[in-house]
Amino acid sequence: MPTKKEDMYGDHISHQFNDDLSQLKSDFLDMGGLVEQQTIDAVNALIDGDSDAADEIRARDKVVDRMEMTLDEEATRLIARRQPAARDLRFVISVIKMVSDLERVGDEAKKIAKFALTLAEEGQAPRGYVEVRHIGNHVTTMLHDALDAFSRLDAHQALKIMREDKRVDEEYQAATRTLLTFMMEDTRNISRCMSVLWVLRALERVGDHACNIAENVIYMVEGEDVRHTPVEEAEKVVGR
Amino acid sequence: MTDRNTQAEIIRQSLKRRYRKERRFRAYGILAIAIALSALVVLFVDIIGKGHTAFIKTTVTLEVDIDPEMMYLDDATDERQLRMADFVEPLVQALLREVPGATEANRDAVRDLLNPYASNQLRDALKENPELLGTTQTMTFLTHTNVDVYVKHAGDEDYSIKLSDRQQAWVDQLLDKGVIETSFNDVLFSRGDSRDPSRAGILGAIVGSLLTMFVTLILSFPIGVAAAIYLEEFAPQNRFTDFIEVNINNLAAVPSIIFGLLGLAVFINLFGMPRSVPLVGGLVLTLMTLPTIIISSRAAIKSVPPSIREAAEGIGASKMQVVLHHVLPLALPGMLTGSIIGMAQALGETAPLLLIGMVAFIVDVPDGFLDSATVLPVQVFLWAGSPELAFIERASAAIMVLLAFLISMNALAIWLRKRLERRW
Amino acid sequence: MSTMNTLKPAVDKEVGASRDTVVPAHEERPESAVIEEAKTVGKPFSDDPKFKLRNVEVFYGQDRAIKNISLDIARNEVIAFIGPSGCGKSTFLRCLNRMNDSIDICRVRGSLLLDDQNIYDSKRDVVELRARVGMVFQKPNPFPKSIYDNVAYGPRIHGLANRKSDLDDIVENSLRKAGLWDEAKDRLDATATGMSGGQQQRLCIARAIAISPEVILMDEPCSALDPIATAKVEELIAEMSESYTIVIVTHSMQQAARVSHRTAYFHLGHLVEVNETNKVFTAPEHELTESYITGRFG
C-alpha cells in the first residue's frame, strides 16, 4: 500500500530533525536484527546441543542491553529537543516501548541459551525438540515480520502478526500438554521436560513481544491504540 | 574560494574605503551646517550692530523756571490760556543757562538741541499739576533727534551729523557736565509710531500683533484641528475627499499676498469690515495658517499607533470615543507644535496685511480688535523704507523684538511637545 | 459554487505569497493533500454552541481570504486557531467581533451567530457586540494612561459603574483575575507603559475582562512575550476558561497544545481540520494538519 509513507520521516523543514529520526529508526532496526539473530541462534544452539554457541549468545546479550540504553537516550533527546508531534510523536513513543520489548526478547534468547547449556549436559529430551523447532520458527518469523512491518510502516502486515500470536498460543498449549504426558509417563523425564517447557514458555513470550511490536506499529501508522482490544477492532482500525 | 586571510584583507580594504566615504559625507554635512550658521551669525551681527543703539535714548536734564510772565500764563487751569501760552521760552532760557558761552543771540541754535515735543511735555506737566506754575522744577527732556544721532554716532560715516560745529561743541560740553545723558530707551517700548524717530516706539505694533495673533489662534486652531480630525477619521475615502486634500496641500503653497487680496475682496469689500484692524488681519492670517495646521494635525493623527485605536475599539469604544479619549490626546502635542509654527509664520507675515491696510501710519496704541493697528513686521517694513537713518536703527530694534517673539514661540512649541509627548 | 471544487495548495497562490512567510525551497506539500472546500475534517460542530458560524466567507477586495468555513465554538471552551502565516486565522478571528469593519475593502458573507443572534445584522450595534466579545491583541497595547484608568476605561464608557467604589471593585477584581493585582496594587496610578511586556499583556487581559465579556478573542497574545510571561498568560487562560469562551490564534503549536480544548487548523483560507487538541497533536486526521504540526512546512 502506501509507498510514500516509507519516507515519512524524511521531509521536515529541519534536516537535523530528519537525521535524528532516521538515526533512531536505523538504530532500532539494528537492535531488532541483532535480537532476532540471538533468538534464532539460541534455538539452534539448543537443538544442536552446542554449548559454545550458547555461551556466545549469553555474552552477546550485553550488546543488546547497551543498544537499549543508546536508543532510549536518543529517543529522550529527540523529545527534549524537537518536541515531536503527531506521527513523529507516535513514532518516538512507539520506539521507546518497542525497545523494551526487544530487550525482553533478548533476555528470552539468553534464557533459552541457558537452558541449551543445561540440556546439553543432561542430554537430549525424550521427545526431541520438535515443538521447540516449530514454535521457534514461528516466533522468529513473527519477530522478523514485525520488524519488517515497522520498517515499512505496514499496518496490514502488523495485523497479520497479531493474528499469528493466537496461533502461537494454541501451539504452546498443545506442546505443554504433550510434554505433560511425557512427564507423567516417566518421572525421570521431568527435569529435562521442565527445561524444554521453560524454553517453550520463553519462545511464547517472544511471540507476545512480536505481537506488542505489531500493535505499536499499528498505533504508529494509524494513531489508534489497539492494545487490549480484540483483533476485530484492530482490523477495523487498519481497514479504514 | 578565497581563503580566510585574503577575504579578511579584502574586507579591510573595502572598510577603509567605506570609512573614507563616511568621513567625506560627514564633512559635507558639517560644511552645510557651517554655511547656514555663518549666514545666521552675519544676520545677527548686522541687525544687532545696527539696532543696539536704538535701545539708548539721549536726554537733557534742565532746571526749568516756570515763570508765568515769560509764558504769558496766569492760570494753568484755564484751557484757553494753556493753549495760547509759550512753553518754549522757559526751556530755551533754562538751556541757555546751562550752555556755556551761549547768549540770547544763539537762542535758535540752542533751541534746536531740544526735542520739538519738549514744550508739549512741559504743557502736559502743567496741565496735570497747575501748582507748578511759578516754581522751578528739575525736568528731563528728550533731546532733538540730531543731538541723539550725534551723541550715538559721532564719527560714523554712514550717519550725517546735522548739528553745526558750535552746536556739536555745546553738546560735548553738556555731556561733560552731565546735563545731556544717555539711558535705556523706554520710549521704544511705551509709545506708538511717530514722525520723530526719537519718539517712535513699537508698543503699538506689538499690541497690534498680539491682537491679530489672538484672532488667528482662536479661529485657526479649532477649525484646523476639527478639519484634520474629520478628514482623517470620519471622511469617506472618495474623489471628493481626495479633491479636498489636494486643495489643502495646494493652499499651503499659495503665496501669502493672494490671501491678502482675498481678505480685501471678501472681508473688506464684500462684508464691509473696517480697514487696518486686527480682526481683519487675524481673519486673513487664519486663512493663510489653516492649511499648515490641517496638514500638521493630520500628520499627528496619522502617527498615533493603530494598536491604541484597536485597543479602544476592542473594548467597545465608539468612533467618537476613540477619537476624543485616545487619538486626540496622543496627537495633541504634534497638533500644538504644528499650530505654533504656523502662528510663528503668521506673526512674521507682512504681505497680506499690506493689502488690507494695516500699513497705515498709526500713532496710537490700539485698544481693541476694531481699532486701527499695525503689526511688528509691517512696522519694520515702514521704518526700513524710511530715509532717516534714525528710523533704520529702530527697524533693526523692531526686528530683534520680532525675532525674540519667534524664538520664544518656537521654544514654547518644543517645550510643549516635550511636556505633552507620551510614550506608547 | 461547487463543493467539489478541489484546490491544490500549490496552484492556489492567494494570500500566502503576499505575507511574511519565506517559503523554503524544499517546502513541497504532499501531492495527495487536497483541500476540499467546506469539507472540514474532524468535529467542527458542537451541541452547545456559543458561536454558530456557517458558510463564512471573507473578501479583501477581490481576494477570497476565508473560503466557506463552518464552525461551532462551544460555550466555555478554549479553541485554538493554528496554521501557517496568511492562512486566514486572524481574519476569521476578527470577524467574531467585527474588528474587520474598519477595513473598507473587507466584506464578510455567511451566517455568523452569537447565541443565535446574527453578528453582522445591520441593526446590530457593534459597540454592544464588542462589550460581549472582548479582544486581546498581539502586541500589548495599554493606553498611555495609569494602570487604574486602563482597566476602568471600559466600565466607564459603558456606564457599568456609577460610583467610584463600584469602579474600584471592578478594577480590583479584573486585576486579580488577570493575576496582576499583587504586582500592581501599589502603583495603580503609575503609567501602564512603564510595566514589563508580560505585565502589559496581562493588563490588556484585565482591561478586556473588566467589562465582563462572554467571549475573549486573543490574537497571538504571547508572540511578543518571553517564556515566563507566556507561561503566566497561559496559566491565566486556563483559569479563565471556567467562565469565558476563549478563542486564541497562535503561531506556537506548543501553546495551542498546552492551552486549548479544541484546535482548528487553517490553510490558505480553508478550515482543514477541527478536533480535540489531544487528537490533533497525536493523531491528526488530515494530511496537511499532520504536515504542519510535525514541522514539514509552515
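Just so it is clear, A, B and C label the chains in written order, and each chain counts residues from 1 on its own.
Assume contacts are C-beta pairs under 8 Å (C-beta built on N, C-alpha and C of every residue); 3 or more make two chains touch, one makes a residue touch a chain.
Computed from a prediction, not measured in an experiment: that's the story for all the values here.
Peer 1: If we look at chain A and chain C, which chains touch each of them?
Peer 2: Chains in contact with chain A as well as chain C: not a single one.
Peer 1: Whose C-alpha centre lies nearest the centre of all protein C-alpha atoms?
Peer 2: It is chain C that sits nearest the middle.
Peer 1: Applying the contact rule given earlier, which two chains have the most C-beta pairs between them?
Peer 2: B-C
Peer 1: If you average the Cα atoms of chain A and of chain C to get two centres, how far apart are those centres in Å?
Peer 2: Computed from C-alpha means, the inter-chain centre distance equals 48 Å.
Peer 1: Quick one: report the Å distance separating chain B from chain C, using the average Cα coordinate of each chain.
Peer 2: 60
Peer 1: Per the centroid of Cα atoms for each chain, what is the distance between chain A and chain B, given in Å?
Peer 2: Centre-to-centre distance between chain A and chain B: 102 Å.
Peer 1: Which chain C residues touch at least two other chains?
Peer 2: Where chain C is concerned, no single residue meets two or more other chains.
Peer 1: Chain B touches which residues of chain C in the complex?
Peer 2: Contacts found on chain C: 97, 99, 102, 104, 127-131, 134-137, 139, 141-144, 153-154, 157-158, 191, 193, 204, 207-208, 210-211.
Peer 1: What does chain C use to touch chain A in their complex?
Peer 2: For chain C paired with chain A, touching residues are 24, 26-28, 30, 32, 253-254, 257, 280-284, 289-290, 293-298.
Peer 1: Could you please specify the touching residues of chain B with respect to chain C in the complex?
Peer 2: Per the touch definition, chain B meets chain C at residues 237, 305, 307-308, 310-318, 321, 325-326, 330, 422-424.
Peer 1: What residues of chain A sit close enough to touch chain C in their complex?
Peer 2: For chain A paired with chain C, touching residues are 4, 11-14, 17, 83-90, 222-224.
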